[in-house]
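The next part holds the structures, each set out as structure tokens.
You will see chain A twice below: alongside chain B first, and alongside chain C after that.
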Partner chain A sequence: LDYQHVQVPFEITLWIMLASLAKIGFHLYNKLPSVVPESCLLIFVGLIMGGIIYGLNDRSPPVMDTDIFFLYLLPPIVLDAGYFMPSRPFFENMGTILLYAVVGTVWNVFGIGFSLYGICQVKAFRLQDVSLLHNLLFGSLIAAVDPVAVLAVFEEIHVNEKLHILVFGESLLNDAVTVVLYKLFRSFCEMPAIKSVDVFAGIGKFFVVGLGGVLLGLSFGFTAAFTTRFTKDIRVIEPLFVFLYSYLSYLTAEMFHLSGIVAIIACAMGMKRYVEANISLKSHTTVKYFMKMWSSVSDTLIFIFLGVSTIGENHEWNWPYICFTVIFCLVWRALGVLVLTFFVNRFHVNTITGKDQFIIAYGGLRGAICFSLVFLLPDFHRKKLFIAATTVVILFTVFIQGMTIRPLVDLLAVKRKRESAPTVGEQIHIRFLDHLLAGIEDISGHWGQYYWKDKLEYFNSKYLQKILLREYDQPKSSIVLLYEKLERKHAIELAEAGQLGHAPSHPALLNDRTVIMDKKLEDDALNSNVLDNIQEILARNLYRTRRTGPAYSRHTLPGETEHVEHAKEILILRHKSL
Partner chain B sequence: SVSHSQITRLYSRFTSLDKGENGTLSREDFQRIPELAINPLGDRIINAFFPEGEDQVNFRGFMRTLAHFRPIEDNEKSKDHNGPEPLNSRSNKLHFAFRLYDLDKDDKISRDELLQVLRMMVGVNISDEQLGSIADRTIQEADQDGDSAISFAEFVKVLEKVDVEQKMSIRFLH
Partner chain C sequence: LDYQHVQVPFEITLWIMLASLAKIGFHLYNKLPSVVPESCLLIFVGLIMGGIIYGLNDRSPPVMDTDIFFLYLLPPIVLDAGYFMPSRPFFENMGTILLYAVVGTVWNVFGIGFSLYGICQVKAFRLQDVSLLHNLLFGSLIAAVDPVAVLAVFEEIHVNEKLHILVFGESLLNDAVTVVLYKLFRSFCEMPAIKSVDVFAGIGKFFVVGLGGVLLGLSFGFTAAFTTRFTKDIRVIEPLFVFLYSYLSYLTAEMFHLSGIVAIIACAMGMKRYVEANISLKSHTTVKYFMKMWSSVSDTLIFIFLGVSTIGENHEWNWPYICFTVIFCLVWRALGVLVLTFFVNRFHVNTITGKDQFIIAYGGLRGAICFSLVFLLPDFHRKKLFIAATTVVILFTVFIQGMTIRPLVDLLAVKRKRESAPTVGEQIHIRFLDHLLAGIEDISGHWGQYYWKDKLEYFNSKYLQKILLREYDQPKSSIVLLYEKLERKHAIELAEAGQLGHAPSHPALLNDRTVIMDKKLEDDALNSNVLDNIQEILARNLYRTRRTGPAYSRHTLPGETEHVEHAKEILILRHKSL
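After this line comes the complex of A and B, so read on.
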């Protein structure tokens, strides 16, 4: 046996295989994912694995190496998030997102840090040697909401587009703040004396880190777009450029101590439009599939490793400190959300409701980023305490908050519906008005910062397009591209069915749709006078306006969601009536 | 009336839509808006901007149509109605929506007109028979004078519990 030779790749592959098999296992038993979010199950598997390894080797299992996490596991997830981030809701709510990400995180850090310091003063807990600076350092790494965990849990609860993008955007952008504060406090720990100059330098550093990350990401993104302009003859390696440039932007940002997450998001958002126009359709599909695949695997591995690393002798269980950490995390987050939302609602007519605030506050999950950061701490005598506290907070948020958020949301939603049920007429007319308003908003250009979008569009069409696109006719929006694809597909199908010139009576493209319809005719024809049945049928079949669903989904490719199916149907109907 | 900054904003939107740069918008200019293409009521909304029988709309007409969607200010609610009602009153908002249903402009939504709108708003999984019974039910609920059609007054009554002011207002148009 030549195990030494293949050991490293072999073990890596085995871990990935375990992760993937675990995923299959969960979905085989259908009911489980709706009760327990996948992230919990994965941590559980990790705990079991960790226990086995501990039992076999009788020493602590390998702790997830922070380098592996930050360099290999985190980038695919963030790239996936950034590439598929729907830009319209993101930029529409940018102000609110930035407010939560920056001000909210700073509020949480200082709140948690100071209150934990207060706890440390209590003599009974034997914690007096934990200084204020240590507490602030701990606060800075535990306060940030984690995008991986948030994504994993928000998949299960169906919230509207705006809420989803708020929490999700916040979890991505607060990385810049976390990086700055963490490094700041860590360097303060090592400095003998702190002057106010250093504090101001810290604040300035925040802008450098954030804006620098954005600029770096954008430059890599545009370079990627430029490169794809010339790939016409070597289509097979086109997808590679997308990944290479994004990863490079992340690594370069980390090298310069800027925020890698912000850089990779900026890169993905900047290059998306141009790259999609330049590369072939097949490359495009490849890019989408590979991104989803890699981010799925990463996500699974992270949670499993979280479970594995929990077992072992890395912890000092000082329960008062740990319990108060959990409590303060919850309390400060809730307070922060309340205060900030109060300010946000002053400026927007479209307010964030109480229920939304609850979801934002309760959905602030901590995850693997905190975990890795705590292991990166310099070795001092209380480090194990922090590790223990971090572990408990993460497990608490993922398990308890993750599992209970859905029932709580349902409970809150049910409370609102106690008013009398709408009549059929109301149901139809309300949906009618929703579509009408959505249409008028689209016509009137409903961005608050419409001025800037227009300027950006102008800059884009005058300069960027000419440089970055291979053929610069009007860059087709995805809807127009979809329509063209549809036309081609429809024509091909008609030709194949030998039905050129014979229009089907219902605008149904697929044959099995007509079969379903026939069946439904038999089932429902008899009941069609019952009011409940009608309302149910309407609720199921009325097209939704675009704002009522989540904007980004981890597991489905864009282009395969229900919304797109409806869009296709509408386009075909309109085409027929023209 | 609409504030100065809003007028400027809408004018810049108008000019950006006006690809032909001749100071008026045609139907093609509206159809270029991608989200409108997948709005089930897209065509009807576009038609609402164009006055009877015309193919071009100028900025004044554009503004006039959009003015229906201004939020209702609190101080306006208490004004007594000596002059003509403002365009964005509840009644006029509802009238705008009513006109989108009522294509033949006979001040009644007939069964056929309702069916047309319903067909645009539902998916392909509902048969014509089902849709017909849904339309019948809707008219039956609303109809008070027994003419098997929904008049404007009946339409208003159906929606009396709905917060139309909020549903038909665009937040920044004030």
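After this line comes the complex of A and C, so read on.
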């Protein structure tokens, strides 16, 4: 028996197998996952596993390695999140998300840090040796909402799209803030004295970390798209590039101390559109499927490891500190959401309701990122207390909040996600309004979101598409493509119903078909692929309609360029006739 | 900059990226891969990379780690080979393949080992310190044909199916022999004295290693199939099980010193049929696509690393030894093929022609397995000579033989692979003959391949399918499914051609369609999926036809059981009428 030789891959494979089998196990009994979120079940499995290991070996089971977590388990989940990010609600609520992610997180960090410092001053609690800086450091790691935990819970409760994107977007983008504050306080802890210049450098650093991540990610994303231009002859390695480039963007960002999460999201969102157009349909199925599979496995492993790592002798128990940490986490988040939403609502027509605010505050789950960060802390005599407090906060949020959020959503009758896809009529109206608003913003000189979206779309079709897409030809009449697709679908259905044999002759059939198609167009039964296609076609065509008229500019008179064109045309015509 | 933190995944990603980009590069110029096999180009890229590393660092570039090769790079390739193994020609030629793989490899090992020992006795060559045992050890690693190299070259030259499976099957199955002989001689080298009992133990061990691998692989394969019965609710992790179980089978086999390659092939071939039936179509696309992708990347990396590892100061140059190694490798293989084929041809009607024999002998490429094994040798003073000889043999076979085999195949007019898939008519005849021959073997009491195949099929439908498949219901009339499929295909084509609008009325259409369908059925344009389906349907139905008649058995009289059934039926009917 030569176990040592195969140990590493063997154990990794066994862990993944355990995770997958656990997942199958939950789903065999349909009742369980509908009551308890899967994340709780997985942590529970992990706790049992940890207990067994602890019982057999009589020493603490291995703690989840932070390197393994940050380098191998986290990227697939974030890539999946970024690649399948619903871009429209994300960009529409960008401002609000950034406010929550940046100001909200800073608010939480300082709120929790200072108030815990206050608790430490109470003599009866015997915590006076925990300095303010240590409390702030702890605050910086416990304040951030965790994307993995949020995704796991919110995917199951189906709240409305806006609410989902607000919580989830915040959890993703706060990574930049967490990275900066955590590293800042950690270096402050090791410095003898702190100068005010260091504080300002920290604030400056935030922009570098965040924007640097975005730029890095976008550049990798565009390179990936560019690479897939040339894979026509070897389709089989196409899916690889999506994974390689996004992983490289994450690793490079980590290497330069930028935000890896932000980088990989920017990369995925930047490449998606072009990669999809370049690669074959089967490659794309593979990419989507494997991304989902990978993130699902990572996610499962993280929760199981979280459970396993909880068992052991890493904890120092101090009731007041731990209880107050949980309370402050809840209170400061609730306050932060209230205050920030107040400002957000003043500037938006589509306000965030009180119920939504409650769910946003309540959905602030903590997870494996805090857990990994607390183990990364430099050794000092109260580290075990911090580990205990972090573990309790995570278990509290995942178990108590995660399990009660679904009944609460039901109880409050929070607006749910629309189960049916929007009809074509709605889609046309949304698109139409987009362009109308872009026009209004153009004329009024207000550089709002529609204005920028329009400019971006222009830049995309003028330059990016030509560089990044293999076959860049705007189809002559894309509505015809849709028609053909529907026609084909209809034909299949006819064939399946066995009606093709005695199909009616031309006019009757056409009539019949029009009725079916009309019904179909308004119908929700149209599968989402077709709808995506419609959406795309509408986007392209309505955009073009807008572009065919002369562009309005505040610096030229209307019709100015047109006149010149007209004059030229007349000249040419005359020249020809001569 | 924090490079150390991300070093391992970063460098792995970069290597994979380099490999993939190199592949894209070759395919951008279509002429290059049609003249030079891709494996040669990749080794060439590796040589250049190695040269650059050597030039910059002034020391030998890193050698391909044998653990990385055997644990991470080899399994995906073998899994791919096993999963997509054409099972019919493989089992039909099983005897010949085993003869080549077992007897042929032993013949080569001892032939090369003894004759190199003869060369070592020549005083002028100054090789007298290389013992017979060392020569045999070297023979055991250099004798085995490499599946990776064979696959890379033979996939491009498209020889006929039988020839391909003979060379490729041999290269896969000789692993068991190589493992046993290599380990045997290595342990002999370290033993003070060799007893005859050790030699017999070695022979016995071969059966353990080979058959143990098969049994282990099959048990993992069936477990995988059984697991996929329960994945209906979480389709997203289905593809994972295919990879996990086959990898586990490989690792477990390696752990118990069995043949990992044989295990993973048995696992893949055993699970394929059931897994395919259990998992969803998209999961299956993902499995197929990812397997191909993974093996393609592994393959690329192996050849690049082979090139990189060649550069450096690991070599001891001795002209006679190296030249004679190359010559003996060629001569003994040629002799072995001639002698073995002589015996094979005496027992087969469908003989192996002289041209085929030449290509079998000439296609005996060596590759990365020898290379990894030679580095695994225990340290002794002539190890560098062995490394040099192995490198030369590999480069000679891959470059000279790999590049000339295509022109030779053209020159000799070796029978090529049929480009077109067999027609339905042919398929029906093949199936029909199978069952006819099974029946003849049954009656004549000859336990030939058809007899066993039939028994296996019976066992499969009686027990295995019921345990391993989720929905085990033999479809009532599967020919109807095919009809529907063709109907649907036809409808799409009609719609695409715009003919659906003015489709003719019933009788005319039907006529028209029948003609088209007939043409289609005989046509090669039918895509392979449909053909696979047809094949399956035929297999199932013709089999059932054969089963509906009473099974012939030499121990019961014909009609014996039937009579009992009849009697029962009459009794029941009477009972009812009363």
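Here, the second predicted complex is superposed on the first by the 439 of 578 C-alpha atoms of A that agree within 3 Å, B and C clash if a C-alpha of one lies under 4 Å from a C-alpha of the other, contacts with A are read in each partner's own complex, and residues count from 1 in each chain.
Following the convention adopted for this analysis, a contact is a pair of C-beta atoms (placed from the backbone, for glycine too) under 8 Å apart; a residue touches a chain by one contact, two chains touch by 3 or more.
Keep in mind that what you see is a predicted model, and the values were worked out from it rather than measured.
S.K.: So, A:M255: does it touch chain B (first), chain C (second), both, or neither?
M.R.: Touch partner of A:M255: chain C, not chain B.
S.K.: Between chain B (first) and chain C (second), which does A:D434 come into contact with in this model arrangement: first, second, both, or neither?
M.R.: First partner only.
S.K.: Quick one: classify A:L56 as touching chain B (first), chain C (second), both or neither.
M.R.: After superposition on chain A, A:L56 lies in contact with neither partner.
S.K.: Between chain B and chain C, whom does A:A193 touch in the aligned arrangement: first, second, both, or neither?
M.R.: In the superposed model, A:A193 contacts neither chain B nor chain C.
S.K.: Quick one: is A:D442 in contact with chain B, with chain C, with both, or with neither? Answer first, second, both or neither.
M.R.: Only chain B is touched by A:D442; chain C is not.
S.K.: Going by the contact definition given at the top, which residues of chain A touch chain B in one complex and chain C in the other?
M.R.: Chain A residues touching both partners: 506.
S.K.: For chain B, which residues count as touching chain A in their complex?
M.R.: Those residues of chain B that touch chain A are 9-10, 12-13, 16, 30, 33-43, 45, 49, 66, 69, 71, 97, 100-101, 117-127, 129-130, 133-134, 137-138, 141-142, 155, 158-159, 161-162, 164, 167-168, 170-173.
S.K.: Which bits of chain C are touching chain A when the two form their complex?
M.R.: 1-3, 5-6, 8-10, 13-14, 16-17, 20-21, 23-24, 27-28, 30, 67, 71-72, 227, 230-231, 233-234, 236-237, 239-241, 244, 247-248, 251-252, 254-257, 282-283, 285-286, 289-290, 292-293, 296-297, 484, 487-488, 490-492, 494-496, 500-506, 509-510
S.K.: Using the touch rule from the top, collect the residues of chain A that touch chain B in their complex.
M.R.: 348-350, 423-426, 428-446, 448, 450-451, 454, 457, 477-480, 483, 506-508, 513, 516-517, 520-521, 524-525, 528-529, 531, 534, 537-538, 540-543, 546, 566-567, 569-571, 573-574, 577
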